[in-house]
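Heads up, the next two complexes both have chain A, just with different partners, chain B and then chain C.
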Partner chain A sequence: MGLPNASGDLSTEVEVDAFRRLFPLRFFEKHLLESIRPDARPLGRARDTTIALGAVASANGSALAKIGSTTMLAAIKMEVMAPSMETPDEGCIAIDFHMPPICSPIVRPGRPAEAAPVVAKQLSDTILSSGMINLKELSLVSGKAAWMAYLDIYCLDADGALFDAALLAAVAAFSHLEIPVVSLNDDGKIVLSEEQGLSEREPVNKEKRKVNLGSIPFSLTCILHKNYILTDPTAEEESIMETSVTVVLDSSSQLVSLYKPGGAVLAYTSAIQDCIALTRQRVKELQKILEEAISGMEVD
Partner chain B sequence: MEFVSPEGLRLDGRRPLEMRQLRAEIGTVAKANGSAVLEMGNTKVIAAVYGPREVQNRSQIINDQALVRCEYSMANFSTGDRMRKPKGDRRSTEISLVIRQTMEACILTHLMPRSQIDIFVQVLQADGGTRSACINAATLALADAGIPMRDIVTSCSAGYLNSTPLLDLNYIEDSAGGPDVTVGILPKLDKVTLLQMDAKLPVDIFENVMGLAIEGCKAVVNYIREDHQFKH
Partner chain C sequence: MEVDREDGRSQNQLRPLACSRNILHRAHGSASWSQGDTKVLAAVYGPKAGTKKNENPEKACIEVIWKPKTGQIGKLEKEYEMILKRTLQSICILTVNPNTTTSVMIQVVNDDGALLPSAINAACMALVDAGIPMRHLAVSISCCVARSGVSGLVILDPTKLEEQKMKAFAYLVFPNSVHSVLPEGSPSVQGEPIENGIITSVTHGTMSVDDYFYCLERGRAASTKLSDFLRRNLQQQPTNSSKAG
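Up next, the complex of A and B:
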């Protein structure tokens, strides 16, 4: 780690790790001057991202997404329910985000992390408004039965960029989702069909099918600090420089959502546009990674 | 219902004295001081240890030893039907207590006074034997965190169905209504730290089943010792 040797500066007398803990902002700024970050990434590069589909065998669709050390496990379970009066032809999606105490030293049992409900709401809004899933596809019998998809996302390791990783895991889980086969039994209730040969009843949907996904949303979180824009922050960077901007674009590069929840740095439009440009690049990378993961599964 | 076929095979094709496949990996949660993922067949749990660190609740400081806390929780999607209340329900609270007391028995708490050690266990997939899997994962996580222990703790369960003692029950066998014996041992000291059983069982058969569970615990110990990543 080459710290510039400024005379009269405390940095020459203190060890690197101590300096990092005592003066975190100055530690980072020394790196930013050289256009690099402590983990040797250039300012505009995101961490290594991987997706593994089918991580949870007992769920209808699941995925494990990792961005750097941040790990998210998403699983979807489908249940049959009666649709509401106003929308008899539509199913429903319930999205829940959990941060169990294993993910981070600052999460205490009995007191949920501050970030958890915020990310949960953001995810819910983004996924439902992006039009990725057409709720009419989740209908079974109009007015009587429809699918309720419960999407649960667990953070297994929280190292910054929680929303990005959670959205990626959610999207991957939906692309892995297979809707189970059901049929009507004699009481007029929907039951899961076990095997094709056994049931004399007519199945309501013919075969296990995948959900048709519309435009898929991908996101990138950037941190603004003075004139610098750092993409894909780690937890340490997020705690020191608090102003973050999250941009969500879909696969056709349309803006789905923009989120800048206050923060000390006031951004000019040009900074926001830079963030959007960085997101556009990131969307291409993520699309490629997702497609590789899906085609990897299909080979099996 | 037949749990052991006339040829001597169980529902998942195992023999009565055969354990499920064991797989473990340590250091999986980067942020934790120690962590481990452990799979026993289809049961998959992740354990993370934070500590020794400063006690968060001042009123709970113990002056001559470390405070050990444990929380057990199940993911919503871990069981066949989606769970409504994954923690705070009675079963989770009971298991949290059991794991805490089991691990407290083996941690040398007097070496770390006025500090706190947190053990968090999350069940990702539940297919019977979650208690044992959690204890085994917690042991590995504590070892990964470098926390001084008298000995490791390993655990395994055994049952008795169709007049046959069965080792390492899965969910279907566990919910069959037969007895379920869970044992936790300290292998080097050859002592039993955890012993739980429900349902009725004649004493001589119980000794048999408990002996079988202890054999299962020793098999876990062998796995831990032989896997090269755990050797220091």
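Up next, the complex of A and C:
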């Protein structure tokens, strides 16, 4: 194989897989010229998305979301706690995002992923500032008892667009969440009611109820490269073309977050408008998928 | 459409800016930046030999360590480190010193709103002080969308109290404005000048899409003023000869 010239000369001699590893940027640019990506997706299309509710039977609410190969498992456990002094009639949500070594070869037990605390913080900010959950709904007895919801999201396979999949899994888990029935026992503490219904204790809330969701946030990550905008990148695309923009819109088209952490490509107004338009389309797709998943559960 | 701000500033008025370079003698570059009561100290060490395990050895690597004023390092600090690292990577010329690491340390001295923008501005000045090669400077500004229900009401450089009260705020980073010696002026991309492009944008809270674009306009206008301030500041103090090595 002749080496001194640019890869253009090698492209006819080298195998496709070798070319992809040796000259990743040129490999992708050859595809972008034809407005297509190596996995045969057009530039503006996201990967196949599926949601399965109730994946974790022991949790109060759970969901498994897959965007292409990226898989996220979200589970919510509820616990009763005393509300804080400043907000006596509001509950609390604690959001945590884990990237166990199963998700990617670069994550090892002694080397936690750099992306994990960043995605956890982004998720926390997005869910709490979007107004999806009204914390007052999580209150039980004003000033004495309120629900604390622990939302844990585990990444099972990290193949790009981690924040999108994690947000989708979190939203699906909240839509599946059922608040359990509790009652006051003799010591004045709140305990979970038995299924058989011990009638000497008056239940504090009559029946398992679902949480009312306000406007639900959905997100889309796009990569900017020269004049191209690629939606829903895989891990390979993210590592080669480093400039990404994540737009989060809620169901009433309000901008919850526009996140562009640096990157060599500058985003001009036209690029941002295109990203927001692509996100609007994606919001409609995701709303349909979520509604189908919820109605599928209710039939059961 | 006037809004009363507690310190009596107008909508588009920034707090008093102060910047000094070369304040730490052992660091290769250092700067302190304050906007009103928010004060951040930045120190740069580097380039040092070698890169970390997962980084590309064909390019220079930038490492950021963020120290809060009080408390332990948590997710907020890690997020700020990542945003700062990626912003600085996009303005530095990474191919000049391959297989090296430049460390940027940020120490928060006081936080009164617009903390991330101050840190980015301080880090840029410290990099200039250390003589790290850069394409252009990053100029950072914070904008806040007021809750008053009148859309399009954007105030610049909010204090911490204003950030907490208002509906939403955005931290924006632009490249600095270009004074070109070429007769045709500075280069433009797609008809827009280079300084209109966004390097970084971090928003918090829900706002409408039009409010965001309005924030961008105001941010660009303010970044021109900030660029002039930086230019004057850098021209006054000559950089000392390199202390690296």
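Just so we're on the same page, the second predicted complex is superposed on the first by the 289 of 300 C-alpha atoms of A that agree within 3 Å, B and C clash if a C-alpha of one lies under 4 Å from a C-alpha of the other, contacts with A are read in each partner's own complex, and residues count from 1 in each chain.
Everything below uses one rule, namely that contacts are C-beta pairs under 8 Å (C-beta built on N, C-alpha and C of every residue); 3 or more make two chains touch, one makes a residue touch a chain.
For clarity, every value in this text was computed on a predicted model and none was experimentally measured.
Superimposing the complexes on chain A yields a three-chain arrangement in which chain B and chain C fit side by side. Look at A:80: by the touch rule set out above, it reaches neither chain B nor chain C.
Once chain A of one complex is fitted onto chain A of the other, the partner contacts of A:254 are limited to chain C, with no touch recorded for chain B.
Of the two partner chains placed by the overlay, only chain B lies in contact with A:150; chain C stays clear of it. After overlaying the two complexes on the shared chain, residue contacts for A:102 are found with chain B alone; chain C is out of touch. Taking the Cα centre of chain A as vertex, the centres of chain B and chain C in the superposed model span 120°, given to the nearest 10. By the touch criterion stated above, A:179 is placed in contact with neither chain B nor chain C. In the superposition on chain A, A:270 makes contact with chain C only, not with chain B.
Contacts of A:262 after superposition: chain C is touched, whereas chain B is not reached.
Overlay on chain A (Cα): least separation between chain B and chain C is 9 Å. Chain C contributes residues 54, 74-76, 78-79, 82-83, 85-90, 168, 170, 173, 175, 189-190, 192, 194, 196-209, 211-213, 216 to its touches with chain A in the complex. Chain A meets chain C in the complex at residues 106, 114, 117-118, 120-122, 124-125, 129-131, 242-243, 250, 253-264, 266-270, 272, 276. Interface residues of chain A facing chain B in the complex, by the touch rule stated above, are 56-59, 62, 69, 71, 73, 75-77, 79, 96, 98, 100-105, 108-109, 150, 152, 154, 156-159, 235. By the touch criterion given at the top, residues 28-32, 35, 42, 46-48, 50, 53, 56, 69, 71, 73, 75-80, 82, 118, 120-122, 124-125, 127 of chain B touch chain A in their complex.
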